[in-house]
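Both of the next two complexes hold chain A, though its partner changes from chain B to chain C.
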Partner chain A sequence: MSTRFKNDSLWIETDTGNRISRKATICAPVNIVLSGNVVIKPEVIIRGDLKRSGPSPSIAMNIGKFTFLDDGCIVRPAYKTYKGAFSYYPMKIGDYTSIGAQTVLEAAAVGSYVDIGKNCVVGRFVVIKDCAKIAPNSVIPPNTVIPPYAHFSGNPAVQIGTLPESTLDNVELAMTTAYNEFKMT
Partner chain B sequence: MPGACSLFCAVPALRIPRSLPSKDADLRGNITISKGTVVHPKCTILAVPGPIVIGENCIIEEAAIIVNRRKEAMFIGNENVFQVGSRVEAASVGSRNTFCVKSRVVSTIEIPDDCYIGPACILTPTYTHPQREDLKERLQDLTVVYGQNPDRRIGDGVGKVHQRALLAKHLDYLRNVGKFALPKYVKMRHV
Partner chain C sequence: MASVNVLYQSKLRSTLNKGEFFPLSHLYFCEECDAIRCARTIILEAVMHYCPSCLFEVPAASVKSQRNRCMRNCSSCPVCQSTLSTVGTGTSIEDEHISLDQLTGAESSRADPPFLLSCSCCGWNSKSFGDKGVFEKPTGIGALIARSDEREGRANEEFEYLRDRFDSLLSVNGFVDDVSIHPLYPSHSRHLGGDAQLESIAEPEADKLNILRQATELESFSNSPRTSYPTSIYKHLQIPQRVKLTTKYSKRCGTCRHLLIKPDTKSHTNHKIQMTANSYVPSITARIARMALQPTGSRLTTNGELRAGRTYVYELQIINPLYDTIKIGMKVVDQRGCKARIDEGEYEVGAFNDVMEFEEEAWVQSQARRISEAKSVGLVESKGNSTRTMFELSVDSDAKCAELVLQVTYTYRLTSPPSTPQMEEAEDDFKDFTFNVLLDAGSVDSNE
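Up next is the complex of A and B:
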């Protein structure tokens, strides 16, 4: 653990640049993979303990690089019964993705360069493709697939527009800058 | 009402026979949880003015808040699901209800059986003319509350068997001691 930062009683920085608040609740970190440069802010809840049933070891959560989990958001895997067996299914979050404050995320997969606003509810087994954007306070029903470059909003969320082709570069630049300028206070 | 058993300083009277409350949960006041109920970490149950009695085989997920704002006891039936971030202050709750993510029920509502409160719905008593004197409302059985400005419909109960079977399996998964899920990764409160 590096001690590059003054206030390391409130934050942990790992070798790969993950910045994790000590006030976040991370259940079963052994089942969670952070790719590096991930920021996990206070009051975030990540449920790694809800993993696939069965004896084989499995990962519950896979979070890509330069991803931000904002204050109070809750990330938990989704569950269903398949062929009569109940199980939680692993969640994958891509790179350069931000998840807003107080959002509840139960998706199956979130792509890269995705921007999820604050106070959203993302239902079970939602698939969000790359470069999508979810407006704040949206409610995405279970099993929705959100296409690339789509802008979704509302309760239930519908597409209200498309994003420009430059979204990928814009988001990458924004997230990298946000990470570099992020102060662990 | 169960007699006070001073097991925890934060919980003056908590009686939990064979249920799984995790240590991170914030339980305050006189709370009775029946057997089979699973309380996830980081949920809040506040029985500060009056007691709360929770039935069998309920699931209370993280960040769910159950508050009793009144002096009288708040009775919650069996097989209810309080999903992530739901806030229930209802006067009473029947059995087999689902409170979805970020839903909210105010204290003047009574919830009967088999209701479904959709995600991000705020459930308040409907406006009547003349206005009800006590402002209280008891929903019908099988009510479904959904949408942006919460609409209500009465369901026909299709899928209830499937829902109960799913809940039974879900509870089975969460309780499966030593293999996976809660007891392995979350510290349990010993009662």
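Up next is the complex of A and C:
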């Protein structure tokens, strides 16, 4: 199979600094907004095709700047039947957020400076507020709200601690450093 | 890959007990006392209460009457503690494909009465109560639960349970009086004088807390909703619990009572005052250097542990958070299970510059000074506000773990506004600050 691109490398870098692996599966990129400096690693699946039903064009996924989607994570919009009508609901992911490897994310909203560990399952319509942290291998039941600066862990996940006030600065520094040191290999 | 835990001591002290070191992110800095403060040397003050589920603020006046739980619509599953959702099971929209029994999941809500509470984690729903578990309105369910709690005498159950446990515990161990002088519970009659007094209180207090923790598993009746009620085997017959409120605290220095943390009441993320140590004290990170720089034979074990009797080269990165250049020097004050060889000379670390990130890469390049790649001890690179140095760590042949305590001193310029306009040529005022850091290089594999 021949590729459409002259540059046959494994990564695409856009003008706004998004770095997207060619091995990632991105469905309907038309419905996905990347704010810049987003890193999408190999085997990631983003379901932009699952947008709100109806003829009008709509955005299925909004991803903030300096956000990392690690190897093999699956990001897809949540769905429900409301008043008898089935629909998908758009997902918004904030800035400086990282989503761990093999994690399945079906949240309604993920805030900024959030750290989601690897192998997590984040249920439908979960709302994760800013500066929260989710330990690896956690399962967040649907419709949960995770307050700011909370540390969640377990199956079903419960709050196990509170993060310090310096979390915001530390995460921002860590994510920008990770982006600058990231090598597209 | 063998990363090194770097922990900071909140107070310069000769005793280098590992329990007195904390990660930098957990520390605060009091400008008045010119000292680092840790969780034990600050005072907490409740500022506001809010529900962690609906994030609505609850006025302090009604927290007590609502028994510190959300009065709105937030409740948690009696079986698995996850949040319950309100589901409308009405039948105003006919759909013969879905039987009414299936209409209990949140994803199939009809938004029509009757409403019930449903757990999307374990499948529990409030139908098991019959009429009591079915509601006519989707709002104010918390108030209904609270009312039935009061009526059936469950409201005080948790308090009675906790009081019973604490009563027996505190009377046996004689800790009752000590609660009043704990730094977390400020007693207004007693004003703490100096640092020394605070320390003298904090130290035995921590020991006692440790005894308490070990003796009784204090965590088991902490704030977790999982254990706050007596557990019952008839869990499916228990009623949903209202969600407990979360408290936001402002934090004060234990000595001078200046505010270190003041939350912003309008935003859940920002703080009006935020004196965290990471914006005052240089951050130090350490990691093992590239394999090519290691002496021959110094490889890690397959699970990333150090080998006894070998020498490793580490890279230490110092990042300056201040807007001024600092001079930094460090010396070894204690080492356990290893011998360290570090450069005790003074380095200069550049000023932190917000704008730099957006400037041309070339500017950073010109600032970068690569000093020497080959040497294993001393300055390697200084670039922007970060400096990298190398040091050597020789692990003892009978060591179980390798720990190193460094005393770091840095000199910075005092930023005081000139008192008179003529004083432009005034001499700069420099100031020293010294703190201890503990580098924990992990456990040592001595099997070899």
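Following the convention adopted for this analysis, the second predicted complex is superposed on the first by the 177 of 185 C-alpha atoms of A that agree within 3 Å, B and C clash if a C-alpha of one lies under 4 Å from a C-alpha of the other, contacts with A are read in each partner's own complex, and residues count from 1 in each chain.
Just so we're on the same page, a residue touches a chain if its C-beta (ideal position, glycine included) is under 8 Å from a C-beta of that chain, and two chains touch if they have at least 3 such contacts.
Bear in mind the structure is a predicted one, so any value in this text is a computation, not a measurement.
Of the two partner chains placed around the shared chain by superposition, chain B and chain C are both touched by A:T81. Touch criterion met: A:S53 reaches chain B, while chain C stays clear of it. In the superposed pair of complexes, A:C27 makes contact with chain B only, with no contact to chain C. Once chain A of one complex is fitted onto chain A of the other, the partner contacts of A:P147 are limited to chain C, with no touch recorded for chain B. By the touch criterion defined above, A:G123 lies against chain B and chain C together after alignment on the C-alpha atoms of chain A. In the superposition on chain A, A:E165 makes contact with chain C only, while chain B stays out of contact range.
When both complexes are overlaid on chain A, the residue A:C131 reaches chain C alone and has no touch with chain B. Residue contacts after overlaying the shared chain place A:T176 against chain C, while chain B stays out of touching range. Contacts of chain A with chain B, set against its contacts with chain C after fitting on chain A, overlap at residues 79, 81, 123, 156. Across the interface of their complex, chain A is touched by residues 24, 41-42, 62-63, 84-85, 101-102, 119-120, 147-148, 166, 169-170, 172-173, 176, 179-182, 184-186 of chain B. The touching residues of chain A, when paired with chain B in their complex, are 25, 27-28, 45, 47-51, 53, 55, 74, 76, 79, 81, 85-88, 102, 104, 106, 119, 121, 123, 137, 139, 154-156. Across the interface of their complex, chain C is touched by residues 79-84, 111-113, 123-125, 129-131, 141-145, 147-150, 156, 158-159, 164-170, 176 of chain A.
Residues 24-26, 50, 52-55, 80-83, 85, 93, 95, 106-111, 119-122, 224-226, 246, 261, 268-269, 271, 274, 276-279, 357 of chain C are the ones touching chain A in the complex.
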